[in-house]
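What follows is a pair of complexes built around chain A, which joins chain B in one and chain C in the other.
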Partner chain A sequence: MKKEIFEPYNVSDNNFEQCVKCTICTVYCPVLEVNPDYPGPKQSGPDGERMRLKDPEFYDEALKLCLNCKRCEVACPSGVKIGDIIQSARIKYSKSKPKLRDMILANTDIVGTMASTFAPIVNTAVALKPVRKVMDSVLKIDHHRMFPKYTGLRFETWYRRYAEKKQQEFDKHVSYFHGCYVNYNFPQQGKDLIKVMNAAGYGVHLLEKEKCCGVALISNGLIKQATKQAKHNVEAFKKSIVDKKMPVISTSSTCIFTIRDEYPHLLGVKNEEIRNDSELATRFLFRLIDEGKLNLVFKKNYKKRIAYHTPCHMEKLGWSIYSTSLLKMIPGVELVQLESQCCGIAGTYGFKKENYQTSQEVGKPLFNQIENSKVDFVATDCETCKWQIEMSTSSKVHHPISILAEAIDVEATMKLWQK
Partner chain B sequence: MKFDNIIIGGGLSGLTCGIKLAEQGKKCAIVSSGQSAIHFFSGSFDLLSKVNEEEVTNPLESMKALPDTHPYKRVGLDKIERLTNDALHLLVRSGLNLTGQADRNHFTLTPMGVMKPTWLTLSDFTSFDNKDSFPWKKAVILNFSGFLDFHTLFIKDGLKKFDVQAQIKNVSMKQFEAIRKNPSEMRSTNIAKEFDKENAIDEFAQKANVLSDGFDVVILPAVFGLFNKTIADKLKEKIEKPVLLLPAIPPSVPGIRTQITLRERFQELGGTYLLGDNVEEGVFENGRLLEIRTNNHGDIKFEADQFILASGSFYSKGIVATHDKLYEPIFGLDIEGDSDREKWFDEKIFNDQAFMRYGVKTDQNFRAMMNGEPVENLYVAGSVLGGANPLKEGSGAGISLLTSLHAAEQILK
Partner chain C sequence: MNKNRSKEYDVIIIGGGATGAGTARDCAMRGLSVLLVERHDFATGATGRNHGLLHSGARYAVTDHESAAECIEENMILRKIANHCIEENNGLFLTLPEDDIAFQSQFVDACSSAGISTEIIDPKLALRMEPSANPDIIGAVKVPDGSVDPFRLTMSNALDAKLHGAEILTQHEVIDILKDQDRVNGVELFDHAKKEKVKYYGKIVCNAAGIWGHNIAKFAGVNINMFPAKGSLLIFGHRVNKMVLNRCRKPANADILVPGDTICLIGTTSERIPIEEIDNMYVSKDDVDVLIREGVKLSPSLATTRILRAYAGVRPLVAADNDPSGRSISRGIVLMDHKERDGLEGFITITGGKLMTYRLMAEEATDLICKKLDVDKKCETANIPLPGSDKSDETLNNVSQKVYSVNGITQKSAKDRHGSLAHKIAKGDENEDSMVCECEGVSIGEVKYAINELHVNNLIDLRRRTRVGMGTCQGELCACRAAGLLCESMEEAGKAKDDLANFLQERWKGMSPIAWGETINEIQFTSWIYEGIYGLKPDNN
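The block that comes next holds the complex of A and B.
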């Protein structure tokens, strides 16, 4: 018999008709569990969509409480794109205008540029109690939140000054989408990525000009700007992937998820030409090793007990297995897989005063797991999970690529392919 | 990515296979596109409840009357008894608490107030030896105010047949005020989440004790213990009268806990469980399945020595029926069933529906048939198999458990 392709018939752009009303999604929604004001995935998603199509007045502003974690989609037996339906409805129907605070939180790159230029001042200022009180009362950014520190030397500047030239020495090349966090807050992660990729035999390049992926713009309702940036990025990716045949890798699960899936699903920005070659560095490395094209040599004295936390977007991508597989390859690593639960931060969501409590309650089961796991530190692929976990537990958090950078014997690894 | 075995489908069948193989040291992965039918579980595993319209007392004995095409017959009746024991032990090792035996069905009370024969029952629920009597005379049926998924009137009516005097009472608690505000969220799983936190159980038990004064038994909806595995036992300790839990409208709280328990067992044994990913196709060579491709993993191939298809029936899209065709959507495997569409349905929906018996065709070793030839290393287990109507004959969990163990044994040979 010839293979039949299962093509469900949908009248809508999304697939809310596939819903069989089983309510399984509501079991796994982390917000519903702690905040009864939220109508939940079934009600906000497929059920609400049916109503909204009849009359947009049925739109409920409570939909902004959705974290866009997509855990409902992962659980749904019928493949309903519940999270997408909810986010699209917010884009289409929400009448509430983004506040100044939302604009500040959403514009990670503009704010980052300004802040890193004045890093010593900004870091001291946002850390000061009175300043945080003002941010809390005027801007409604919760005072419990410590802003991540801004760096004095941006990753891009560091790269041009100290790393760019050396990248030409390699035979194989990739582009690196570093994202705002690496550029403005934590260049070390980008440096670690270059160290690992160079050890693997790849030169690392920056895109012609990357813009923030726009995840925070989307969640804060700044859709026009998000779409503009998305189009810009797709073009920049094309120059690398299509013109130069250089795949694009990233260390941020959220950026990559946004570029691969949210661009076409939420913003209607087409990305077929670049989607397959835009991925996480961990997946890129895993593929090389899996296909026998790369061997990593590890230091003998690296010994750590590490817990891996699966960020929501990694759960949706299904890609945490690449990170955990790489970590398990390090002989001295004892890996504890934490039960996959949302940490509650969801990007800028948890920074808002009105969400602080929900955010912390959502994360509580995960924090308890971490405190009980007795590990040296936690590993995860998402920078906002890192802030949240470091703020809410006694544990430090490192990116799998940074752990590899620490554990790899660079010279020995390079020798394997240099011959 | 290379595994010893890859299982497609993470429901009862896929998990049973996975646990069995992982216990024997196999490196296994389960890929499942979404949550499974266990979420709708009544709390009892059926082996065989009805044959030729007659209620079954001894399933092992009554299996002899099944047609030769039935999965139990094809596994071989000589093996079935041993496999039922193995299945029970596997579930118990995984942390489930069960009562029942394969050579004698016991009964559970349904939410319709009817005694239903079954094989293994979770300790949350009460099993009865006798379908004609009810051990208590005066029952209080407690429900949560605003909870519409527990049909107390049906229960009360059903109990009349046993000469039981039943009274319905409602309980309100401030812990449930918040979820009550949103009527669509007053569901069993949300009530269960409140109890999971352990700060509602004492107050609830106190109220139940007051309300059950003068009654012999307290009847409650089974909304205890979703992620928290001890709360149902705590409840029974704190309530002075015997407690009889009855299933509410699904999703089922004990069912979800069962799914989680089995999944955790599989992962503790080193298994990789990939949820939310759809297997899209396979690469075959010389009658063997070499690798599968999934939606999330794209060009990264998933290779294994043996594969098991446990993708469920129509409900889970393991088999798909459209207006003019019936097919297995991943590989296009051969289907056991009538090609004549006229024969699929009986217009009377409670009659035996022919299409319920349709499924993937296999050889005698439960290897999938493709274009008339068996695929050497692709085994089939659970409700994606044809040859039975589990809902009609009450054999759903039994077929899943026993065919999965049988498939695992073929692989371990």
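The block that comes next holds the complex of A and C.
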């Protein structure tokens, strides 16, 4: 009898019903502040979900104005997965089909492969004003946006040619999920990671064919394809984590966030077996240092004043502390922690003509902070934040791993464990 | 509000439930001069305290053929005349493993003899049609059930009565029936707003006060043998089911789950109570237990759905005159001409029946009133749509497109609530479109429309007209906003504060029997806001 009394009694399984309407999420929504057409996270999320259960006609296409920054979820004291509710509603109810533009922006893999093959031509072409004007009017990709330059030598190709062999010399190993940006646009970041990890005594390996994490596919409504890629990636992760006992690290906060949280929540792709051992490189390194398993030696002459910007998905993961703690370990670094605010780009969102203004308005407070901070450059873990900040401020942006790679004394560090 | 007190009305109707409002409409449409009086507000009695089920009649088919036949006929009429008050959801009668499947064929036969169309559905298909149904079902029958919003239905009847010249007094409680020898010639009322007594005269007084008609009749010196039966219901936080779910067995406790507007309801229990308790409608712990236990059998997901509130209503059951013990109780319509019955001229009582048959009750009562007044006019209430259900001009979409600019949720909600009258809601500038009630999508414009045109005296009335405060937060965010608007247009600040306290107290009353989980979090948060921030005290009233 006693047991019965303490059994939970009609407690809701429906996450949206846990909302107590405190409206804190609405205060933290970066979009609502600048674009009154967006109904806001409470209205679009838990309130709207209830209406949509009454009648799907209550679905409002204005939900596509959501950046998916998940700052509402971070703010929610009741644990409501507001961002997920909104994304799921878009997946379930939206009647507007993805446009050609959306497919181009979302298929970072395919477009990246083609573009990097013809990198010099593509880079020149998309930088030309007339071309950007045409993309603006025909594709509705805003002409203010510059596409990140494509590389002629993809990271994967470079790795196989120049780095793969050397990785076998190490005792400890990790796999690296490099993501599309490192592969097609900025292989240097991948090279920096290998430099740092090698210095730390880890061999770095690629997954058995990684695919784009699919974040852009999800936000552009290409769910079938996203699910296919998610399943593929989870299998590839399993081969590394479960079969070879090699954790997977990444330098992209959004990729790793998508794989850890969006796969199960939005795509219904299970990832329990791999979730714990899939993480960001900075978190991986910090934890090694924290546990006394690793020491890094830094160059004496490295002196920089750096501002750290917390990307939205880092905020959601709660992981920016790992990146900033690592940066603070560098003796010559003076770190300015910027107030955590969305930069406004949200992946492909800000590239769309209709969102350009919202995107820049959202980012404005952050841009002002950066301009006023008088730093040498900005550090952040997200590539799209980097594009946005570099486009909208006078500052350059570097990844924490690239900063480490420059500040670290490789030989001295290696000596510590080679003994 | 200055009624002509020396005027003699053709008929004074007591009771602002569906029956009273329907009778007022019918009488007014037949050209009579009508006064409708109600002690609180429209639909505050049994009318507003039931399932809101648009019965197909199937529930009564086996046990009460007459009621079943009446139901299906009125069901089809309401689809025509009150389409903005109803939802044509259809219903399923489910046979569970513990029920006798043999009952199904008896049920189907009884339905067809009452004129109710049925369709036996394969359990697997039934689960596809209604995924929330218990997956263990062994049988399912589809019937033309639906849902009806009793507040909207009653208000539309009152509105139409008014359009046809009827006068309406809410917050006027009958304190005596005026008589001249053996003839009733008026009523004495207490005006709760002005706190004064007033008298009105009429050729005929029609007692349509439901269970409270027992006391009204006493004022007139006649005795009606009423047996109040209390029924309790639970409101769940959102729609779990799309179709009405019933148990395919003889009517019993908690065997109907009705989706209505944004929520769904399970009910009812049935318990005889003493007539002295009819104004004390509490829901006991045992009631809640039974409702959850039985409800989960219809739809297992109810066990993990938030409960918004609990409430109870009283069925006005009438014992036959030759059976004072109340053993043979009728659920059918009871129309009494007290001249025939008690030798009292000018007084009739219409009671019994159900929400579904309100129009038929009104028609029968009006026929009798007309006969007494020697008026020869046919009843037209079955053919002429209620205000809001009139589709003749433009399609509803056109109407609402013209009204609103931005917010899709308030636009569609207003259209669902007010039908073609939604165009009366003020022009969509940014301010009018702002939301008062975020859970139910009620705009400032809609609240103003209700205050100006729908007989609103206080916040609780406003809730019945617009669903302000009926959503998940139960008034947490909207109550103060609505109070502000009400205060702007009609109340003094002091009264508005009392009104707000009353409103919140009434919300809490419904939440207290089920106050656990998210509901207790919500109410706690509400009390922080109203007591902590606004300094409202529970004893403000």
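Just so it is clear, the second predicted complex is superposed on the first by the 405 of 419 C-alpha atoms of A that agree within 3 Å, B and C clash if a C-alpha of one lies under 4 Å from a C-alpha of the other, contacts with A are read in each partner's own complex, and residues count from 1 in each chain.
Note that in this section a contact is a pair of C-beta atoms (placed from the backbone, for glycine too) under 8 Å apart; a residue touches a chain by one contact, two chains touch by 3 or more.
In this text, all values refer to a predicted model and were calculated from it rather than measured experimentally.
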First (chain B), second (chain C), both or neither touched by A:D409: neither
Partner chain in contact with A:C76 - chain B first, chain C second, else both or neither: first
Contacts of A:C22 with chain B and chain C, given as first, second, both or neither: both
First, second, both or neither for A:D376, with chain B first and chain C second: neither
First (chain B), second (chain C), both or neither touched by A:I321: first
Contacts of A:K54 with chain B and chain C, given as first, second, both or neither: second
Chain B versus chain C as contact partner of A:Q337, first or second or both or neither: first
Contacts of A:Q43 with chain B and chain C, given as first, second, both or neither: both
Chain B/chain C common contact set on chain A: 22-23, 39, 42-43, 47, 78
Parts of chain C lying in touch with chain A, wherever the complex brings them together: 237-239, 261-262, 292, 301-307, 406-409, 412-413, 435, 438-439, 441, 471-473, 476-477, 514, 516-518, 521-522, 525
In the complex with chain B, residue positions of chain A that touch it: 1-6, 22-24, 26-27, 32-33, 36, 39-40, 42-43, 47, 73-79, 276, 283, 286-287, 290, 315-319, 321, 325, 337
Touching residues on chain B, where the partner in the complex is chain A: 1-2, 33-36, 39-40, 178-179, 181-182, 184-185, 187, 189-190, 193, 226, 250-251, 256, 267, 272, 274-278, 281, 294, 296-300, 315-317, 320, 325, 327, 329, 331-335, 370-371
Chain C partner contacts - residues on chain A that touch it in the complex: 8-14, 17-23, 37, 39, 42-43, 46-51, 53-55, 57-58, 60, 62, 78
